[in-house]
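These notes open a run of structures that come right after.
In what follows, subunit A forms one complex with subunit B and a second complex with subunit C.
Here is the complex of A and B:
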């Protein structure tokens, strides 16, 4: 009997059920907890030895963990994500802000560091301090070394606060959607649409920002427009972001997602063919082609999710932060 | 990613709204009002730009403090109707494709003219951030030597603007003109705007900043371009214009364009890019009208444009009123509480943006609000941001209630033929 029901349900393509609670419990909250753990480890590492060689591995691990939740821009992350990962920086605010902080000891007081420009905070400040030749030549005891400690401690504090804000407050806002008194999400569908929008927007960010920017045009590729190219992360960021989207997609629905999984597998194959994880060789037509293929594969994941989740649930994405210019 | 976007089948509205009848407005009436208001706003933008053009001619013919101030005043007046048109972006491809010519921002102004040493030079993203065309009769772009000995509208439009494919190489539009009238604001987050002296336009030995004749030629050419560009858009919304036809030919598509414009401007553009980001960067250059310190007004009139689009009512620069069937009427017929929620949130936003204007007019300029650790400024700016984010949620709710999300959905390529994209 059970078997018959299952068979029938597969054949009749049973309606997909969304599960916002599961997405929160199984995907989002563990993601923030993991990021907080790694950010704290980074801060502890820097406190013990702030030289680049010592801090770089912990920075890489913290950045990896961030990508698990970086696609979320609602609730505490609406503003919180901006001071953890300020990028792109087309007007070069980050090097200018860091230079000013290095020159003025009072300006890098840990007690007030949460008020400094987001261009000098978070992962991209560390990308530059730890990897850019203009900054990374420092030794223990130098002002820059102290700044690395301050930025790392501030990042850990942000990660901890974000973790707590999601766990203790915003998770309930999502999971109680439609309940009396929930003015943010008046129906279950609104919470679902909010998470679905994050999912698709993250993939759009991968395609339009992380990949299309360094690709530039065939005649003019722009390697320096790759994300965190100094720390060699452009390819890794794309792959981890896509995997995070896949994870959220699965947590959000109760059915198999064969198109989505196949599309993500194609992303991984395309990624494995790219030799330079920093995308700095996109100036070479052959190398650029491989990144271009990856770009198309990522766009296909977006379409797969649109079909398997958006189509099945009858929801369209809402407005997102990339809607502006 | 634009979301609620185009691609439309008909239906839904009639289905959704068939029940609560009585003197009900119809989508075609609503988009007609929307197009009429657009025509009036772009016509007002054009006439105020023509006034600016006359003031620029007077300044370059006879540079003085008076003629400079008159030109600045004309620029400020021209911003009032234009900012109210920004709600037509995002939802209308004809406007969106054109907009970069008139209101591109932020800009690396060193491309155009002299800048302070603190500005720095070329950046990761832009090799030409400090090109200074006004001082350079001959320039090299992407390996090509360019004759810039005469500064013409064509040189600005075809060669300089977005030079090297970089968006911050803004050579034309309101903000390029603003820079030429005010100069850099070197007061940081302290009081004061740009202080370009009128002598930057004086011929002969009294010329300051060098190349006064070329600066005047640049200002004249950029203003000419602005007028030409606005003529184009005013025509596009006039009777039988392409932008008008695009929204009136399929009224449901027109409604989607309206809501897409309202939501995208409110959230991604104004709340995110223009207001919150600048606040979090604590950088006075991250304000929309950074040379003139007119940002409070730009934000206010952007917000007012969103409200206009919903209420179907616009007060022209001459004081006359254009109004008609509105989205508000349509939503009220479908769900009165939702209409009350939307009008209430738009009011809340306008009150918050109005408070920023009041503070700025009282001497607490927008760039001062961005100062690191300035709690009062942060509270003022974030109240506007919060209002804009909150109203976006209701705009989404309206899209769903009117069934427009499903219409947008049915037109998406991936759903029409999901297998096509995997081939």
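Here is the complex of A and C:
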């Protein structure tokens, strides 16, 4: 069990006890197991009835579960997360790839579907197939209906593989940080640092991508740059992602996190004031203002976590990653 | 500033005291610079096993360096836009000479000695135009500037000597930069190339990327003993496009571009910071500190796999595989795709590992 007492930061009242093992056992592994369960349910639902109305609820539940672990981009998720959630897609690779798949029956072979472009796989392929008018008008028996089944089955296979890879292999890499032979995490602090980085990177993604993109500028809001707007998920994704970060922060530390919890509560209040969960009304100045407030509240969570945990960890951005040459 | 007097003093010093070979500093296989925990910088000699053989303070963060093939003497280049390079006696830590580029020129972070150690070649650019220049320094005479010739492109970065000992290969990155900082000025029109030059500056061969990859800056090089050149690239174009970050070239033939699977390539974040062939020359690896990954390919450009390590950048050949260094202070041996820790210190290893010639 990894238990590291970190140096006191100026702002901390007590030493932060960090516990990578607990974060893995109590937060990360249950999150992947839950996502695998929901992805399998989605695949079973689509296999039984692939029409949009039948599949949409299972898709929404799977996406909810994904947000519990979507902020993690280490280990199996380093590449695995990309083919589950391919976004942003500014060059519209997803609709192009899906159109090509619908036109060519051979390309929809479930046995080889893992080799198609990642833009045509995962949750964002389903967002488009199940909700975009250009795709979602299909009926049972249509090529698109088959494609929904293939994408759902592939998503379930990915979720199962990711769950297994975390549980059976990478969890031990994290919890054995500093042990002889561990070339990924050479000290206990490195595993902690890796998880903490995921936490903050996830919140930055919420602020900079999920919120700042649709906000655009006051003169030019960009509603279509919201994440999964077709399936009405932009607001929900922000809230669930922030709550996942809060959960990981608590699992990672022993101390109370009153600033973090208060900041997350303010995110939820700001979220409750937003009428359109898809952020499609940001073109209206009043509606945009409410999303802008949410953006500020999410940024404040980052500050709170940095204050309560990060300062003690002494985390700085990469020495070489930022150099650029 | 170099005056006639300091120049003479350096020459005299060189003549008066024959310098020691690498054996005198523990026979390091590599040179690597790092930032220490207290914020200062130093240059280290390292064995293949990652053991330090010497440590010498540096005045500031460097980029890369070059090791004299015979004497325990190294030149450390400043980061771009560089106004100095420091030649250091690795046995004593004494500064042998500070090299300054001619007025209006900048060092671009890399240099290489000829196999005898008589001449040092430096990668430079015209500060105003970013036109590439290779500087030629007479080492025996005390690092006297003897000549300069065009590098064959804009913004040269890494350069290497080919196994024939008579040809330089230069990574002309293609990026024109502001004379006072690293602001990039010509991303829309950049055209990087790989140039092969005779030691008198004659352009022997120049290879360019296809037009849709023109924003892929060719920056770092590794040359295998049979002349196969590997080059690592950094994508300057639109985000979200998957581009190859490794190229292979053999003189007189077409370029081979090496692509990893889509998700792996995305995880590299369009950036390769270092490149090296492994000890056997069977595989070639590139590193991405941004992605925290090393990608391995075979010598035909087929993807072999990835190794994950935060802020990894330095790469060098090692018996049986590769050595990787990172900003968290780790030294990792990679053999057949398996990573094994060699050592960890409370310091941040810099971008590059310089391999010294085996004696």
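Keep this in mind: the second predicted complex is superposed on the first by the 299 of 325 C-alpha atoms of A that agree within 3 Å, B and C clash if a C-alpha of one lies under 4 Å from a C-alpha of the other, contacts with A are read in each partner's own complex, and residues count from 1 in each chain.
FYI, a contact is a pair of C-beta atoms (placed from the backbone, for glycine too) under 8 Å apart; a residue touches a chain by one contact, two chains touch by 3 or more.
Small disclaimer: the values here were computed from a predicted structure and weren't measured.
Participant: So, does A:182 touch the first partner subunit B, the second partner subunit C, both, or neither?
Facilitator: second
Participant: Have a look at where A:91 lands relative to subunit B and subunit C in the superposition and call it first, second, both or neither.
Facilitator: Touch status of A:91: both partners.
Participant: Count the residues of subunit A touched by subunit B and by subunit C, then name the partner with the higher count.
Facilitator: Touching more of subunit A: B.
Participant: Check the residue A:104 against both partner chains and state whether it touches subunit B (first), subunit C (second), both, or neither.
Facilitator: neither
Participant: After superposition on the shared chain, which partner residues are touched by A:168: those of subunit B (first), subunit C (second), both, or neither?
Facilitator: Touch partners of A:168: none, neither subunit B nor subunit C.
Participant: Using the touch definition from the top, say if A:254 reaches subunit B (first), subunit C (second), both or neither.
Facilitator: neither
Participant: Touching A:201, do we find subunit B (first), subunit C (second), both, or neither?
Facilitator: First partner only.
Participant: Please indicate which partner A:268 is in contact with in the superposed arrangement: first for subunit B, second for subunit C, both, or neither.
Facilitator: Once the two structures are laid over each other on A, A:268 reaches no partner at all.
Participant: Between subunit B and subunit C, whom does A:190 touch in the aligned arrangement: first, second, both, or neither?
Facilitator: A:190 sits against subunit B and subunit C alike.
Participant: For A:80, decide between first (touching subunit B), second (touching subunit C), both and neither.
Facilitator: Once the two structures are laid over each other on A, A:80 reaches subunit C alone.
Participant: Touching subunit B and also subunit C: which subunit A residues?
Facilitator: 78-79, 82-83, 88-91, 117-118, 184, 186, 190, 193, 318-321, 323-325
Participant: Would you mind writing out the residues of subunit A in touch with subunit C in their complex?
Facilitator: Counting only subunit A, the residues touching subunit C are 74-75, 78-80, 82-83, 88-91, 117-118, 180-184, 186-187, 190, 193-194, 318-321, 323-325.
Participant: For the complex, which residues does subunit A have touching subunit B?
Facilitator: The contact residues of subunit A facing subunit B are 78-79, 82-83, 86, 88-93, 96, 112, 115-119, 184, 186, 189-190, 193, 197, 200-201, 204, 208, 216-217, 220, 224-225, 259, 262-263, 300, 303-304, 306-307, 310-311, 314-325.
Participant: Which residues of subunit C touch subunit A in their complex?
Facilitator: Subunit C reaches subunit A through residues 35, 63, 79-80, 109, 157, 182, 219, 234, 238-241, 261-264, 266-267, 271, 273, 289-290, 292-293, 306-313, 326-330, 332, 339-341, 344, 348-351.
Participant: Using the touch rule from the top, collect the residues of subunit B that touch subunit A in their complex.
Facilitator: Against subunit A, the touching part of subunit B is residues 1-4, 90, 106, 108, 120, 123-126, 142, 164-165, 167-168, 263-270, 272-274, 276-277, 280-283, 285, 372-373, 389, 392-393, 395-397, 400, 405-406, 408-409, 412, 414-415, 418, 421-422.
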